[in-house]
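Here's a structure for you.
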Amino acid sequence: MAENKATIIVMSGDMDKVFGALIIATGAAAAGMDTTLFFTFWGLNAIQKGNRTGKGFMGKMLGLMNRGGIGRLNPSKFSFGGAGRWMFKKMMAAKKVPPLEDLLQTAIDLDVHLLACSMSMSVMEIDRSDLIDEVEDVVGVAKFVKEAADSSIQLFI
Amino acid sequence: MAENKATIIVMSGDMDKVFGALIIATGAAAAGMDTTLFFTFWGLNAIQKGNRTGKGFMGKMLGLMNRGGIGRLNPSKFSFGGAGRWMFKKMMAAKKVPPLEDLLQTAIDLDVHLLACSMSMSVMEIDRSDLIDEVEDVVGVAKFVKEAADSSIQLFI
Amino acid sequence: MAENKATIIVMSGDMDKVFGALIIATGAAAAGMDTTLFFTFWGLNAIQKGNRTGKGFMGKMLGLMNRGGIGRLNPSKFSFGGAGRWMFKKMMAAKKVPPLEDLLQTAIDLDVHLLACSMSMSVMEIDRSDLIDEVEDVVGVAKFVKEAADSSIQLFI
């Protein structure tokens, strides 16, 4: 049953929650766990290149509001139209905490599997080419359920 | 210990999070897992009939703001006083993704257990008769803990 | 592998989510599980004494907005500048549900382990002396990963 694996579903695109997901994922991978991050909905932002996305009117509108990739995520509180993001970045840098971009790279270097949810990509009009190259696969919920059921850590963030 | 079971606690009443919960639950049930959704607080909205609830002033106020049932949930982002809900419904329909009402019915058809949290029902003045008939039971936290401890997947949404 | 343990990471500082975390933790502990609450980011508020925190300009600003401890947390919805908190406190009291302060004390009485995340304390400029004495330890993510991997219940709230 439970193997030495960690599977984390990242639905949130909030800066602080994505930060938490990456810290836990890199921590689990560093501890020798086979670790998977499964990005869905707003979480997809963390693995997007940052270009504008969407084809129809609503997809474009959503893409416009979400553009920028992992470096442009806003915190869940004290967002203040971007000021919160700037504040947290400064506070993190002052304490020598790596920014999200570096944490994501560390996760990649530690062989954390990055998976993207096909259904939410379809709904939000995000293409495979809008995601960073390191994304391993675009998968459905069945893959997530299978991975999670085999994992000794499963979290929904 | 861990059996072929999935237990998901749904505290959020956000359209996108309830959608995620139902997708995972139906995915787990389709994979043969004995699956339970435990609805609490705002999540109760997803299993309410949609009538006005509450007896006291505050319960009525809360019931007024929450009324409508699963078809009236708003997304966690871009709510825009209901425009976000309309937008997502349109985008989901355009991609042939079933609406929440249908997903909930699929969960019921797949024998996903729907449980409601007695304590939050009491606090929010929601009665058993305000919930859809398919809700299997109204239970306390001890039941959730027992189910979750036996499950190979447990998530908090 | 999975022992009779529950490990809950509390990143949210929303009144309702902290309430959920404490209800599950006390439920798990009452059922005989070795239970750990790992507080990080906004969740740290629930185990702070409530004094003003922070040294630099941004730390102080954050401390100002977050001050007050567990009794001053706002709900995730219907916050209304504090009115939502007042409403929920009244509704909980009317139904004889203990306030957060009492629930936290119950958790402590049931030997629930309270751990605080060192990295988010550093970023948010929160010192050990700003936390209540009952906090058992200030730890890093490695400790959380180890505890969670051994637990039959792990949740992210």
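Note that the chains are named A, B and C in the order they appear, and that numbering of residues resets to 1 at the start of each chain.
As a working rule, a residue touches a chain if its C-beta (ideal position, glycine included) is under 8 Å from a C-beta of that chain, and two chains touch if they have at least 3 such contacts.
Quick caveat, the model's predicted, so the values are computed rather than measured.
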* Would you kindly state whether over half or under half of the residue numbers at the chain B/chain C interface are used by both copies, giving same or different? => different
* Asked: How far, in degrees, do you have to turn chain A to put its CA atoms on top of chain B, rounded to the nearest 5?
  -> 120
* Structure fact -> Here the gap between chain B and chain C, centre to centre from mean Cα coordinates and rounded to Å, is 24
* What are the residue numbers in chain A that touch two or more other chains? -> 1-2, 154-156
* Structure fact -> Counting only contacts in the complex, chain C reaches chain B at residues 1-2, 4, 6, 16-17, 20, 23-24, 26-28, 30-31, 33, 76-78, 87-88, 90-92, 94-95, 97, 152-157
* Going by the contact rule at the top, pick out the chain C residues touching chain A in the complex. => 1-2, 9, 11, 13, 40-42, 56, 58-59, 61-62, 65, 119, 122-125, 140-142, 144-146, 148-150, 154-156
